[in-house]
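In what follows, structures are represented as structure tokens.
Next come two complexes, and both contain chain A; in the first it sits with chain B, in the second with chain C.
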Partner chain A sequence: MIRALRQSMAWIHGWLGLVAGWLLFAMFATGTTSYFRPEITRWMQPEIAANRTAPADAAATAVRHLQRVGADDVQWFIALPDDRTAVTRVFEQQKPPADGAPRRRRAEELVLDPATGAPVAARDTRGGEHFYRFHFQLQLPFPWGRWLAGVCAMFMLGAIISGVVTHKRIFADFFTLRWNKGQRSWLDAHNVSAVLALPYHAVITYTGLITLVVMYMPWPIAANYPQPARFAQEAYGLAPDVEAIGRPAPLVAVAPLVRDAERRLGGAAGRIVVSHPNDAAATVTVTRGNAASVGARGVSATYSGTTGRLLSVTPPPGPAITTANVLLGLHLAQFAGPGLRWMLFLLGLSGVAMVGTGLLLWTAARRRPGAAPFFGLRLVERLNIATIAGLPLGMAAFLLANRLLPVDMAGRADAEVAAMFWTWGAAALLQCVRTARLAWRDLFALGALAFAAIPIVDALTTPRLAAGDPLFVAFDLAMAVMALALAFASRRAARIPAAPVRRSARKVAHA
Partner chain B sequence: MPDTILIAALAFVLLAATAHRHRRDAGIVAPGQVRALRVVAGALLLAAFVRAAGPLAGERIVRFLVGGSVAGIAVVLALSFDAARVLAPVRWLLSRPRPAAVPATVPARARATARAQRG
Partner chain C sequence: MLMGRAGSGAARRWRIRPAAWAMTARCLTAFLGNYAFAATAASLTARLLPIARVEATAWAMILSFLLYAIVGLWCFAEARLARVAGVVWGGALLMGAAVWWIGVRP
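Right, the complex of A and B next:
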């Protein structure tokens, strides 16, 4: 019975992994990259210097700017800078016109210099946000991308559980990795990357699902609350929305409020929401940044916007919300310092390796020496090449486009994203005219060249690398390492596999 | 973080030495050695857990699991290239002659026997 169970699990493991494998590979690769989301954004906007302004001062300069451009707004959302983020990002919720006419303009996110509050003049780019969004939205319209990512995450979770059950010698094989043995080597590599980093894979998959669980299962909230916002207020202890009175009153200085909130909440401020600025009912809500705890949702303090009096502090959340916060925090890892973040990045790469070796194992297990590959095998192999070798090329194209497109080009951010997908798509199509072995070799080689070009183009187009900016040096070094890894893969892929030596042939040779 | 990874890697090297695949490379000849290595490896993992403390509540567990996973992958990669060299320190440790057992007090019966032999 155990044997039958293992066989069933092996079947499930194989097919769950195959059906979702290509998307999971892309999700793991771009999600792993997202550990350095703010750093990638900073690299992609070399015009912006590192932040040296305290959150309270950045809040004051941002409010000063907003008083000039949107004094009668309904709300201001201000994301404050920190050690990793160099700019203040603000969003205005504008007041609808009283006569029912259309709004003046669509409010857009503003990027401000934390020191001066002036809008920052930097190249338009999605930055690291592109990889982050792609890893759970898959460049599809809402909500289809998120649903598809959720289905893939469910498949991944099923594959993890069935993989553990089906692995008969999980402890015996714990320290086993044999090179140059064909299918056996792929299986060993798949096992090592999966089993040794199993806590990471299980946590990142499960927490990824939990992150969007309210979207996947909205019914409990819909059945118990008239609006989802009411649930959020009750669950997270948020201050209830208040209406504007209509009586003008000057807004208090926000910097002292931010400092007071930081002292009360035990961590640097990450976000401010100013409701009804310059109205007698104005409130200022300061939320703690995510670096202060493993849980992702920071606590907040709300002050009167006219007197500066503390109105409320979010109460300690209950066990369920605390658990959800920790799960979300574990997935985002915004609490992690540089060392832990690099380690998580390496484990993310082990996830990429796990999915990639699993996909390769599927084809290796079905290839028969001397027999022509059947259609399904050829299809899977081509999709493997397009995904495993094509995606890195597309990602490199995205980064290269950031440096090569004109800085003031209209629609620049979209063009960078288009560069990634056009390159990836072209690579996926063009590899079909080569044999599989040459396609692997060529795409890996092209990827190596593209990644090697990134530091060179960076040095030629921006002065930051030459100036020895640590972030730029580290980023370009990482690109060089990536180029070396792809060059190694290309070299290995180019080798013609040695024909298996039969026992009888060996006997003859030794005679 | 580096010390957590290093200590966990040491523990994994000892555990790898006790695995059937690597016992010969590690020079293990007796079941008692396997048990001893496993106990030491367990103690090292405990030490890694203790050293994994971070400034935030709960961060210790994350750092321990992450450091342990990275160390495990690194050890397996190293073993795959040259297991004998990786396990050489374990082999050296196990092959050292054990100090002769010097009893703190000679049993009374042995003393009497020795006295009788001396006459």
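Right, the complex of A and C next:
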């Protein structure tokens, strides 16, 4: 009974991992990178200095700017800077035109200098946001990318559970890694990377599904709420929307409100929403930043926009909503300080290694000595090369494009993204003209060269590295380490002897 | 596993065997039927849990993924396809009917 269960679980583990493996590898790689989303953005906009303005003062300068450009807006959404984010980001929700003319296009996001409130002049880039978005949208149109990522995450969850059931010696495999033994070594490496960080893999997979739970599993809401929007209001403790009165009234100074909210909520303010500014019904909602606690979706305080009186504070949520907030927070990890952040980054890399070794294991287990590989094996092998060796090259191209494209080029942000996918796509196609062994070696070597070029190009094109800015030193060092790791991989790949081809593997397997 | 290899000629080589139909049905049950099963089970739980509706809804949503993963794997662990299909599709139908019959929480 147990034996049959193990066998069926081993079978499904293999298929789940194979079908979703390549996308999971990319999701793990870009997701792990996204632990440093604000830092990557800052590296990619070297014109912007680190922020030294307190949230309350940044709120005041942003409001001053908005009063000039959008005094009659419906709503201002202001994301405040902190010690990781260098700029204030603002979204305006503008009034629909009164004469029934078509609605103006949604205003672009404004990026402001926290100290002065003036729009910042910096190169146009998607920054760390690109890897973050790709991680769960896979560069596909809404909602398909998110659904595909959800299916992959669910396959991952199934693979984790079935992998644990398959596994007989979960404790012993902690300590077992036999190098240079072909398939045995890949199995050991897969087990070590999977077992060592098993709690992390399980948590990151489940919490990943939770981040989009309202999209993936909306049916319980439909069973309990005649108006589904009410659920979000109750879950996040939002004050109900108020209508504008139409009578003008000056907006109070927001900085004292932000300071008051920080005292009440016990943490630095993360964002502000000003509804109906300069109207008698104006409100100012201050929400605590996510660095203050594990649970994401911080509590908030709402004030009258004309008198500054406190109207409401979000009530403490119940156990289920608290659980959901903590699960979400564990995935986003915005609570983590630098030490824990690096730890999580390394655990994320163990996930990359687990998926990668699992994919390699699939081919290693099916290759027969002295036999030509059958079609499926060749296909999987080429996709492995394109993903495992090709993706790092594409990611390096994205970062290099940020430094090498002209600073004031039109459509620059999109060109950087295009650089990543054209490089990755070209690498994936061109490797097919090489034997698998040489393709592994060459793509890894190209990746190593590209990553090694990043610190050099950075030093030549921007002054921040030479000035000893810690963020730039750490970033460029990480790129150098990545280059070394890929160079090592390239050397290892070159050493695997090419098997002499005699007869079809299928014939051997079925002999 | 899916494609038949019983024949000798190229024409017969790719004929799909009954076992392949069974495996297709099993995969569809584990993937789609299971989603209906998890969605209706979560909806019924959310509707019937005697706690605040926002809490009941959140618990049901959070736990639905665990249910989906376990039932999905069971679809492959259980050898009898009829039993798999009966439990998953039948369960989804019954629970869906129950949710519809009880109606939205007042």
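The definition used in the following text is that the second predicted complex is superposed on the first by the 484 of 511 C-alpha atoms of A that agree within 3 Å, B and C clash if a C-alpha of one lies under 4 Å from a C-alpha of the other, contacts with A are read in each partner's own complex, and residues count from 1 in each chain.
We take it that a contact is a pair of C-beta atoms (placed from the backbone, for glycine too) under 8 Å apart; a residue touches a chain by one contact, two chains touch by 3 or more.
Note that the structure is a prediction, hence the values are computed from the model and not measured.
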Open item on the list: Once both complexes are superposed via chain A, do chain B and chain C end up clashing or fitting?
Closed with: fit
- [ ] Could you tell me the angle at the CA centre of chain A between the CA centres of chain B and chain C, given to the nearest 10 degrees?
- [x] 90
TODO: Examine A:D241 and indicate which partner it touches, taking first as chain B and second as chain C; both and neither are also allowed.
DONE: neither
Open item on the list: Contacts for A:E47 in the overlay, against chain B (first) and chain C (second): which applies, first, second, both or neither?
Closed with: neither
TODO: Considering only the touch criterion stated at the top, classify A:S350 as touching first (chain B), second (chain C), both, or neither.
DONE: first
Open item on the list: Just checking: does A:V213 make contact with chain B only, chain C only, both, or neither of them? Give me first, second, both or neither.
Closed with: second
Open item on the list: Under the stated touch criterion, which partner chain does A:D72 make contact with: chain B (first), chain C (second), both, or neither?
Closed with: neither
- [ ] Mind working out whether A:E109 is in touch with chain B, chain C, both or neither, as first, second, both or neither?
- [x] neither
Open item on the list: What does the superposition give for the shortest Cα distance from chain B to chain C, in Å?
Closed with: 19
Open item on the list: Per the definitions at the top, what is the overlap between the chain A residues touching chain B and those touching chain C?
Closed with: none
Task: Of all residues in chain A, those that touch chain B in their complex - done: 172, 174-179, 192-193, 196-200, 292-294, 326, 330, 335-337, 339-340, 343-344, 346-347, 350
Task: chain A partner contacts - residues on chain B that touch it in the complex - done: 1-2, 5, 12, 15-16, 19-22, 54, 56-59, 62-63, 65-67, 69-70, 72-73, 75-77, 79-80
- [ ] Provide the residue numbers of chain C that touch chain A in the complex, in ascending order.
- [x] 38-40, 42-47, 51-62, 64-66, 68-70, 72-73, 76-77, 79, 99, 104-105
- [ ] Provide the residue numbers of chain A that touch chain C in the complex, in ascending order.
- [x] 4-5, 8-9, 11-12, 154, 157-158, 161-162, 206, 209-210, 213-214, 216-217, 219-226, 231, 234-235, 318-321, 323-324, 327
